[in-house]
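In structure tokens below, several structures.
Next come two complexes built around chain A: one with chain B, the other with chain C.
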Partner chain A sequence: MKLSKDNPLTWLASLRLTVVLLAMSMYLIFVGTLAQVELGIWQVVEKYFRSSFVYVPFDVFRSLLYPGSEETWAYGHWFPGGFLIIGLLLVNLLAAHALRYKVTGKGNMLWLGYGLVLAGTSVTAYTVLEPKTSATIQQDVIVMMLIWAVPMTLIGVGCHYIFGSRKAGIVLIHAGIILMLVGEYITGIGATEGQMWIHEQGASNTIRDIREAEIAFVRDLGDGKEEHIVIPQAIIESAGENDEPITDTTVPVKVRVDRWMANTEKVSVDFEDGDRTQLLWTMKEKDAATGTEMDVDQPSVVVTLFDGEKRLGEYLLSTVGTVRPIQLELDGQTWEVSLRFKETHVPYTLQLVDFRHDKFTGTTTPMNYSSTLHLDAPESGESRDAFIKMNQPLRYDQKAFFQSGFFQQSALNRNLGTVLQVADNPGAWVPYLSCVVVTVGLCMHFVVSLLRYERRANASA
Partner chain B sequence: MSESKQDRFETIETTGGSKVLRALPYVLAAVIAVYLLMGAYKVTQPDELSRFHYDTLGKVPVSQDGRVKPFDTVARNALLQISQKQSLMDEMLLKGEGTSDKPAVIWLAELMAGRPEAMQRRVIRIDDPGVLGLIGKTPEDGQLFSFGEFMNPPSEGAEPIYFEVGRQAERADKVRDDLRKPFDEHVIGLMRKLSLIQRLRINATPFVVPPEVQGDEWVPIVKDPREGLNEFALDRKAGQTWQAMMKALRDDNHQAFNSALQDHLAFKQDFVPAKARKAAFEQGYNRYAPFSKGIALYILAGLMGLLAMLLRPILPRDGYTALWRSGMAVLMIVFVLHTAALIVRIWLQGRPPVTNLYSSAVFIGWGIVGGAIVLEKITKLGVASLAASSAGVATLLVALHLSKDGDTMGVMQAVLDSNFWLGTHVITITLGYSATFLAGFIAICYIVFGMTTSLMDRKMARAIAGMVYAVICFALLFSFVGTVLGGIWADQSWGRFWGWDPKENGAILIVLMNAIILHARWGHLVKERGIMVLAIGGNIVTIWSWFGTNMLGVGLHAYGFMDGAWAVLTVIGTNILLLMSLPLWVPTHLWYTNYRLKHPPLLPPLQQVMIGSGLLIVGVLTTAAFLTMTLMGTLNIYYWFSAWLLLFMMAAGLGQLIEGVRVCWEQREERLKGLPASA
Partner chain C sequence: MKRLMFILIAPLFVLGCGEEPTIERYEVSKPVGYDWPDTALREAEVEVDGLSWVWEVPPGWIDAPEVPDRLLADYRFKGSTESLPGRMTVSKIDGDAGGVNANVFRWLQQIYITNVTGPGPKDKISEPMNIGVGEATFIELHGQYQGEHMPTRIAAAIVQIPAEGGGVYQTWFFKLAGDDATLEANRTGMAQMVLTFRPKGVPRPVLPGLETIDEGGGEVPEQATDES
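Right after this comes the complex of A and B.
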């Protein structure tokens, strides 16, 4: 395709646009970093990187230019968000390939090139799609990367015959980057992350998402079974804003949200009760945890519960561990009501046999954490031990369980149990593959450039 | 100006020329090598001039902060943290005791033995006027104070100042990080110093008794100050001999001290032989101070590179060859020294070379110099040498500064404890930093010398542009692969490939910067000058990623942060921004290099020489004065906002000087030609 200079497609495929977009992404990432001084990392990701447009307050530069100042700066400006910039970069890249990367191969060599690309792609696709090999990807991804290098080299050689030596490497590099962006998109929509807390000698099948809370009504059905009815955070928040009670036939009571607090801490208060002063506690609202603090928001909520039209009372619920759930007696059934981090339950349990936390002699610096677990899956009849430590997760049921930390009784400094980070990411393998694609492409391109440079140098000598 | 002189860098003479000149690089290399080897020999020899064998004491392996290290390292690090200095030379020399390179050991030994003079040594550094006021001092009293001044009651029946400092520090510690005032930070810092001295004084640290049973750990003489001496430790031979040493030192009995020390060390050599060997070696490494020697040699190599670059148009071919080769010889030798020091650290630590900020500085410098040596071998212009040496000096100075934070070979947090990822991701990303810095440093040479001197002829400019392009290609390769490997490490460690945290964002910014430069070049959007400006910009991005993002976490909020590292970064960043923008403001035809292509020199040669030397001398003197005053701590950091001006001044001075000399020389030759040939 040959286009005139004035054609908008030429502009869309231009390197000028590439450079502008790359520069804009640098700016976006920079302000997205500065914003983490004030905002939580997930808020920043949603606002700056997973959005089409973002309003960048000038205030983000305050921490850079006037680090001690407390005064908030006014104004700001609109800027394209991560999705828009990446989308435009993709359009730019595809247009460039459509216009500038022409098939230069001829005859049999061209067909050989197509064949090699097809063969390499099929082998790669097979390794990804075949369940057994994809399990290997999960277990030992480094080995898999080395194996992938082989089909990728085939594809590289194929591209060499199709696009010529100068462009082959670049085609691979760009393909790898597109793959990486696609992988991030899959992660963005499909991945879940959570934590599993297991007490020493205890067992758990519960994964908590510490980024989201829910009000839970839990009833014991006997026989080790429980009924959980939950109200998600989004509904709680909108009910609080609209001042409309939550009524749903599945929820045993009517819930009026009086106050939603996104992040709170427990504080003591003196309560004057006649002539006596009682020491009580309450939840105090505080700023959301920022990205640079690496802390977790602990929301609380004040709700009034109604049984039909009968007012049952006003309650303070919180995710903070020391705030106990409330008990409700309704039609002879006992419900435990609490605000908790969003829970999901898996059809198997992990029992903590032993948790180790070694420190370096004479320091509080952790040397290692590790958990010895017992896995019980009644459905498949699987029952085995598993060992997890830093950089060595347990992979089971498409999920990965990582050693993340521990919880302890701070007064006694006694370890109570382990905290596992649970990740479920259908796109987890994509970055690994794209890393191989880009690396092979970069190596090809630089080798070709070097050879060309040397040839030129020899010719001129 | 003859054509052959223009082409000189392509034709370094490999044969012929004066024999003396040909031998010069080898002689120079031999002299430096002998100097370095002599130094190495010296540290293997015990230096037992004083009555007490402090040198042997320095070898004794002890455990502190989770690592077994020589007593010498403990002493140096402690003194460095408390006083920002590794030695107390002045006071020691006054007393005529010991030589200059081991006072830290003497100070610590006396402190742990409880000798009275330990309380009198002025070792505690206080800069903040508020804290000085708290302890009843003024800036006129100096910056260094003794531990006794805190522990002894100022008057009869009064309370020691130590307690008041403790109370203030406790209060300040409760203030939220972002609300702390400079006074709070400083008083916490002071308390940290005092409690370190206190723990050393009562022998609570370092741990001197090694484990005797598998699975046991090192233990200190005093576990808990409230419980007094640790009976378990005193039952062990190591504990008994240690106590004997301390008692002998207290009693000023050097014979008893030396023999107890002999027993103690012999026991440990017998008991933990591998640790004892490593500790002895580490003491030798400390005494050798390879990076201090490295800084001096890098300066020498840099000056020779500069000379080669400047004198290329003047010198005859064999002279230039000798000069260039000598510079290369120095650079290669200091690179070997740098490499050896890195290898020793790898062996001592049992880890890949980059484990913390300190070692990253050392490794980045190494990477820059290694890359530049290859470039210099190809281009033979002196430019890469000059850039590499400046970078070598800069990174080693940064490292020396960072070493004030404590042990440079400290233990690794559990989450970082993976030699595989430290060896792949960290190394690759650090090499990416190195390459980006190298491109930036070379580009700075291009801009500064191109704007102010007539040295930047077309061939040289093209060669520099080629170097910068090649280095940026490598920078993109390393920074991209390193960033992706980092994502993979994160995915392997906590199941998330990319989390948008500040450090990750910093890494991707470097990748994007390099990608921008390359795409802009491929699209012919920028020419040589534009690429140079962007390459210099790469330095800012890299510094941000290396240091800026770390500071975002600890201190962007904090009060008083501007007196410290943040101010330094601001000054460096502003200077780099000016170096980027000046070449854009000044049209290329006004650059002195381009001006001279079409015009004769502005001034007659003699005036050029005079004005050139004047500029050079003023520039050098001002820089030297700035440096000295900064080292003494009496210069406001903001004076360094003029660093770019000094740089331009010195470069312009050099350019005028060289050009003037050259024109004089040519005129003289013309005159000689004009004379009738005499017999």
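Right after this comes the complex of A and C.
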């Protein structure tokens, strides 16, 4: 099919567009990297790469051109964000395939090619979607290569029968790149991260996302169960801005948000009734955490609660750990109300048997952090030990549990327990797979080109 | 053509959008508790300066995986929540170790009570009590809430072993840390440990209600505590 220059598909499939988009992505990565002088990696990822458009302040260049300068630069410019550039690259690549890559196979060989690609794709899909195989693949690169060797060979041979020897390799390379672009979408939209804190000889089934808060009403249901009613941060902020109380029937009380504070620090004001163990805290608002240090935003909120029309009181709720949750008695039920980091509860428990913080002899330099855990999953009946150390995560339930840190009793400088970083990324396997597909494509293309060159050399000799 | 471009790109914006946040209600199971070994009442022995000392460790208390250098013993036991197990430590310093008050102030700081002039109204410090090997002072301190993983209470005993020529030869510290409910549930266990503390070979003290290793059962009477 020959298309005119004015046809949109010709324009979309043009190599010029590819080059422009790649140049734009390079600029975006450059300014995104510079932005990390002032912002944390997560802020930059969200602002620059997982957005459709981004406002790039000229101030990002200050650290490069005038290092040490304290004067903030004004103005900036809008630029396509990572999602938009990736999307356009995807469209560009698909359009190019629609236009330039034709099926050259014929008859039974073509059907054999389709069959091989289908079989290879099915086997690969099974290896990444079946939880245990998927975990094994991500744990060990050699095992991954061995497991994917057969399906990749099937796909490679299948492409050869469908597109012919000259184009099969390039088709595979493009398929790998498309997979990688799609993978970033999957990660950007579906990935979550959180922390799990476990005291030594303690247990936890709770993952906390320290980037988002929620008001939680929790009550004990007996038989080892709890009821949680949670109001997400976005709704709390909106209720505060619009001065509209939260009156959802799911929530046992009416909640009026008097003041939302995105990041706070504690200021003790007094003892409650002269009891120095019951400190009355107040919170001082401070600038949002930039993410470049260990700090995270610690939101607090002042709420007034109503039981029907009856005013129950004004309360300070805070993610700052020193503020106790409040107890509410409502219709004979005891509710614990708190502002906490967003929680996800998993149907299994990790118990911490031992946490080790090894140091190099005679120094305080950390040599290794590790956690010996016991995994207990009542639903599946699984009960086993697990060992986590730096760069050796536990992979379970499609999640990766990394050794992230530890918490201490500061007055004693004594380690109390472990902090695990829990990554749940439905697209975690995609970069591995796309790299393998691209590698197979490059190898095929290289071999085919080499053989063609050899044939020509022989013919001319 | 520009319009077509827009139509092609528009769906990409949709991909970047998230879900509308909603108020949620759900039920969850509490975590499966730590798998505490079912240990019986047992006698522990530790050698200090060539002399062996013993005490009784209550049922259900386990040895910590690692005992820090500064401690002679470190035990863990089930707390009232899975976020904070109970902990009992034993340590020793030669001499009087600054006396009772200095150690009370030190422990108060560990539970975040600072810049104070003395124990608070809820805190208790007993009169010294003769337990055979020396005099024991029982102490209970209340601290500030610092989050679900931090202890808010300390129950401790300071045992001063007299020197032959007068004064204090050694000071032993038995310290239990946890939250309110954990401390209440394990106070008698700590008392049993302190009351059975003696050099190896010295007969076990006969105290009414003290559990025995052979028979088990029985209760330790409330320890003597005075308002300070």
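Worth a mention:
Basically, the second predicted complex is superposed on the first by the 311 of 461 C-alpha atoms of A that agree within 3 Å, B and C clash if a C-alpha of one lies under 4 Å from a C-alpha of the other, contacts with A are read in each partner's own complex, and residues count from 1 in each chain.
In the analysis below, contacts are C-beta pairs under 8 Å (C-beta built on N, C-alpha and C of every residue); 3 or more make two chains touch, one makes a residue touch a chain.
Fair warning: this is a prediction, and the values are worked out from it, not measured in the lab.
Legend: residue contacts after superposition of the two complexes on their common chain; A:Ala428 is shown touching chain B, with no touch to chain C. Once the two complexes are laid over each other on the shared chain, residue contacts for A:Leu12 go to chain C alone; chain B is not touched. Judged by the touch definition given at the top, the superposed model places A:Leu221 against chain C, while chain B stays out of reach.
In the superposed model, A:His345 makes contact with chain C only, not with chain B.
When the two structures are aligned on the shared chain, A:Thr153 is found in touch with neither chain B nor chain C. Once the two complexes are overlaid on the shared chain, A:Ala203 sits against chain C while remaining clear of chain B. When the shared chain is aligned, chain C comes close enough to touch A:Ser51, but chain B does not.
In the superposition on chain A, A:Asp376 makes contact with chain C only, not with chain B. Chain A uses no single residue to touch chain B in one structure and chain C in the other.
Residue ranges of chain C in contact with chain A, taken from their complex: 1, 4-5, 8-9, 12-13, 15-16, 18, 21-36, 62, 64-66, 68, 76, 79, 82-85, 109-113, 116, 120-122, 142-152. Residues 6, 8, 11-12, 50-52, 83-84, 87-88, 91, 185, 188-189, 197, 199-206, 221, 224-235, 246, 248, 250-251, 274-277, 279, 321-322, 324, 345, 347-349, 351-354, 356, 372, 374, 376, 378, 407, 409, 411-412, 414, 416-417 of chain A touch chain C in their complex. Only residues 63-67, 205, 207, 217-218, 220, 411, 413-415, 417-418, 421, 473, 476-477, 480-481, 484-485, 487-488, 491-502, 505-506, 508-509, 512-513, 515-516, 519-520, 522-523, 525, 541, 549, 552-553, 555-562, 566 of chain B touch chain A when the two sit together in their complex. The touching residues of chain A, when paired with chain B in their complex, are 14-16, 18-19, 22-23, 25-26, 29-30, 32-34, 36-37, 41, 44-45, 49, 63-64, 67-68, 141, 180, 183-184, 187, 193, 291-292, 359-363, 365-369, 390-391, 393, 400, 402, 404, 421-423, 425, 428, 431-432, 435, 438-439, 442, 446, 449.
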